[in-house]
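What follows is a set of structures for review.
In the two complexes below, subunit A is the common chain; its partner is subunit B in one and subunit C in the other.
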Partner chain A sequence: MFIDLNVPFPEPIVYESQFTPSKKKQKQKPAGLTNAHASTSAMAVVPAHPLERLRVPDRKALRERVEMLIHLGYTIIAFTQSVQSKLDPAAPVNWFDGGEGTVFRDLDPRFNGGKRGVVQLRRLNVVLDEASEKGFGFNAQTTQLLAGYDILSLTPLTTSTFQSACLQHSLPSSSTIHLITAPLLPSPRLPYYMKHTLVRTALKNGARFEICYAGVFGDGARNWWANAREVVRAAAGGRRDGHEGVIFSGGAGRVEHLRAPGDVMNLGTTLGLPHETCHAAISRIPKSLIIRAETRRTYRAILSEPKLVFSAVPAGAAEDGGEQREDGKGVKGLMEILNEEEERSRKRVLEADDAGEGQEGDGEESEPSGRKRRKRRRKNR
Partner chain B sequence: MVRFKNRWLLIEFIPCGAAQPSQRSTTSKQIWSELRGTVVHNFGEVGWGAVGGSLNVKYYSPVTNLCIIRVARDHYRTAWAGVTLLTSLNGETCIPRVVHCSGTIKQAQIAAIKYDRELIARMKEQGAPDLSSDKLDTLLATTVAEIEALQD
Partner chain C sequence: MSGASTSTAVIDPYAPFSQGKTIQLSSASPFLPRYLASTLPPHTSPSHVYNTRLRGKLLILDNPLRESRSAQLKQERAAKREAEKQRRVQGVMGRREAKRLGVWELRKEDAKWALFLPIHHLWLGYIAELLQLPPPPSDDILHSTDPSKHRLPSVPGTQAKLVKADLHGSILSVKRAKNADLVGRGGIVVHETENTFKVVTAKDELKVLPKRNSVFTLRVPVYAVRPGTGEEDGGPMWEFELYGNQVCFRSSERASRKFKFKETIEL
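Let's turn to the complex of A and B:
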């Protein structure tokens, strides 16, 4: 199982009527004239599906990118909506609204009946600069909006925002961030020193630091190598957390900048990480991060709303239960997929083992168990 | 004394962007020089010095875009990273992907033949415009024969 938690989502077309959300409408009754104007004009209708809000070439390119990710062997990806400095206070827009938890329904094994595809999650990334030092819109008013994302992340550009990202925003709440991305490209040094106490607090709270490999193909590749090494040193160099503070992700806006998981792991080893950590940084660590991100829906990451499941139910009630599960697609659906995938890969390994032995053990008489045969072969050697 | 140890990388160059059948045919020599270019660009003369002595393009098929290279085991990760950082081959953008990495040519051949079968089966399924299924069968036979003929 390989996971790419950063697939940039192209910016959708801005529709006028998106700026007058239903809540505001009631408040701004005096300004009803503009509202009426908007509703009468034909182009004010916002398409329901996130893909229909994109420009046509963007849509095609995005699909091509997702298909390439599937071909390269990824099983889970997260589309990223990037926001500069703060959420729009007047009318924050979730780019993935109306997608029912995914984007390409026919390419998502949660929805297409278990066919080949890739699980698509939604992620919000806020780039924090000086303008966002006094808050960037993660508060009680936006909780509803933030609940529409599977993962939240921050890209701090200044020392004070980095500090608040590590100390305050990684604490368990309904707007916990689980990924901190350092700006690797713009300058030969990171804009702040990654202080050990801050990094340690963030890691202890369950946040992880992200390295996007697409930077190596740009102009600032030199900066990328230096800064990525710095992130690795700060977040994966300590002994306490077992070197596991870093995840690798794509961040590739173009198809040709995507790389297969094995190649990304190898790039990780050139950054000075041990190879098993590199493997974990693209599979196990992001997986546990996704599961941890589900705790945003619970109270302080501890208490969740219990669901009663009855073992023997009449037919009518069973249908109800099914509907409920589709509603609460969060934890259960994803967890099932994750477990199934693991099971499948284990089976694949076993089958490969069996096949290999079948070929090699041709000369021998058939033995009941493969393990015996393997032992004997080892002895012969 | 220990014998000289190698790594064999099976690489697929996935073409992307404008998918036109290439007019200019890429040869293994060109791949070698492209690899030298990226390794020198990203790892400098020292990197190329570590890798270049043993780097050898053993096989390349322009139809299936499969390639087998050999490098000395000590610094094969440098060569691999060089492959990953390649963005275009002979002027065409592509995604290099290391499909398999092994210590002997035998395993590289087995993996190559297996992957070659998959690729040609996929071509058949998608119905390549200029290749009928008979042609694809002969293509499979020739590529398998070529891969099997590889020697250390």
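Let's turn to the complex of A and C:
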């Protein structure tokens, strides 16, 4: 299972009828881009589906990207909506509204009846600058809006916002953030020092630091290497217990910039991470992150959101209720998909064990030598 | 002020009492007000001073008498014996004795699904009362599978109440667990301990399901059960997931506990 938690979602067309205060919106958008569409669609009703709000070339490119991600072997991706400085309190917009939790329904195994595809999550990323130091709209009023996203993340650009991201916003609540992204590209140094105490608190609360590999392509590559190494040093360096603070994700706006999980792992090793940590940083750690993010939907992590069921058979009366419920239904939950994946990997391990025993025959001898080899490798490091 | 104090006689507290004078002391006529009246300068009101500052105050001149430790222990033991005696008279059983006699153990022949089904029906009534479930509507609405037709209560309120509800008599089944063998097991809860649910399954077996590292399914009816029938009438149900890791408390503790946001539901 490989996970890419950052697939930038193209900016949708802005419809006047989406908001009551229309003045504000025009200012925000670059005029040249939207004018042609906006003039034709000003009076039109806002399309219900997120894809229909995109421009046609964007839509095609996005589908191409998703198909490429499936081809590369990813199982879960998260589309990212980026917001500058703060959520607009007057008219916050969720780009994914109306998609019923996904974007390409036919490519999502939750909805397409178990065909090949990729689970598509929705992520909100808020870029924090000086203007957002006094709050950026994560409060009781916006809980409803934030509930429409699967993962929340922050990109702090100043010391004080970095501090608040690490200390306050990573605490468990209904608007917990689970990813902190450092700006890797703009300058050869990060705008703040990643202080150990702050990083440690964030990690303890369950947040992780993100490194988007798409930065290696393009102008800021030199900055990217320096800053990514700094993030790895601060969040994933040092002792063994603290080395899992980094996840890798894409952040690639173009198909050419997407890479297969294996390539991303190799990139991680060049940053100075051990190979197994790189593997975890693109599979196990983000998966645990998704489950943590799912906790936001539960009641104090005790009771989940209820599901309405209509079968008369009581759950316990059937011996294996779990399997009975699943068949005959098209829609599956995220947790069920994760569970199936886990089940599959468990089976794979069991099969591999069986095969290994059958082939080797003298399992006792081969194991110690493997252990020795591992020890030697550790020494060399 | 200074003139006044010099004119009155200097009080010597160490001087012996004037001889041949007897003073009667009683609680009805205490000594102090009279003494104050004779010693304080005249412009102060001695009765006021007495009432505001001295009345009812005690000064213990001796060290208080402390009971010896052995006497204390003896008393405690006696009290304990007395309490035990009382309990025996009333017929209440101690925890140790209950364990020795196996009160908390369910006999194998008693682990019958049919035997505990009435308890489940009682629980349905209890939960309907607790959640203030509406009475069932007409049959065609009740059996329709269209969610928009049903009148659904608010979810957060229901969850807050359900977290503190008594689960004895409910039907739980394990949905996910680290121990793969537990998945799919379930039945009527007959006993909830700090770390386990003990359930009677449909196959008439008693099973102990650990709370830690498992996720349970809990079903709650949307409408109150029709009085008299006691049976479920095939109406819609809420299906909750109960994350066992976070409810490792005794049932009584859970009822009075304040639950906070937690980090993760991961097993």
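Please note the rule applied: the second predicted complex is superposed on the first by the 283 of 381 C-alpha atoms of A that agree within 3 Å, B and C clash if a C-alpha of one lies under 4 Å from a C-alpha of the other, contacts with A are read in each partner's own complex, and residues count from 1 in each chain.
Note that a residue touches a chain if its C-beta (ideal position, glycine included) is under 8 Å from a C-beta of that chain, and two chains touch if they have at least 3 such contacts.
Just so we're clear, the structure is a prediction, and the values are computed from it rather than from any experiment.
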*Given the touch rule stated above, what does A:274 touch, subunit B (first), subunit C (second), both, or neither?*
neither
*Which partner does A:308 contact after superposing on A: first (subunit B), second (subunit C), both, neither?*
second
*asked:* Looking at A:216, would you say it contacts subunit B, subunit C, both, or neither? Reply first, second, both or neither.
replied: first
*So, does A:255 touch the first partner subunit B, the second partner subunit C, both, or neither?*
first
*Please tell me which partner, subunit B or subunit C, touches more residues of subunit A.*
C
*asked:* I'd like to know which partner A:294 touches here: subunit B for first, subunit C for second, both or neither.
replied: second
_By the touch definition at the top of the document, which applies to A:71: first (subunit B), second (subunit C), both, or neither?_
first
*Touch list for subunit C against partner subunit A, complex*: 145, 147, 150, 152, 155-156, 158-160, 162-163, 171-173, 175-176, 180, 183-188, 199, 201-203, 217-220, 222, 232, 234, 236-243, 245-247, 259-266
*Which residues of subunit B touch subunit A in the complex?*
14, 16-17, 42, 77-78, 80-81, 83-85, 87, 93-98
_Could you list, by residue number, the parts of subunit A that touch subunit B in their complex?_
68, 71-72, 216-217, 221, 255-260, 262-264, 266-267, 269-270
_Complex contacts: residues of subunit A adjacent to subunit C_ = 171-174, 176, 205-206, 288, 291-292, 294-295, 298-310, 312, 314-323, 335, 339, 346
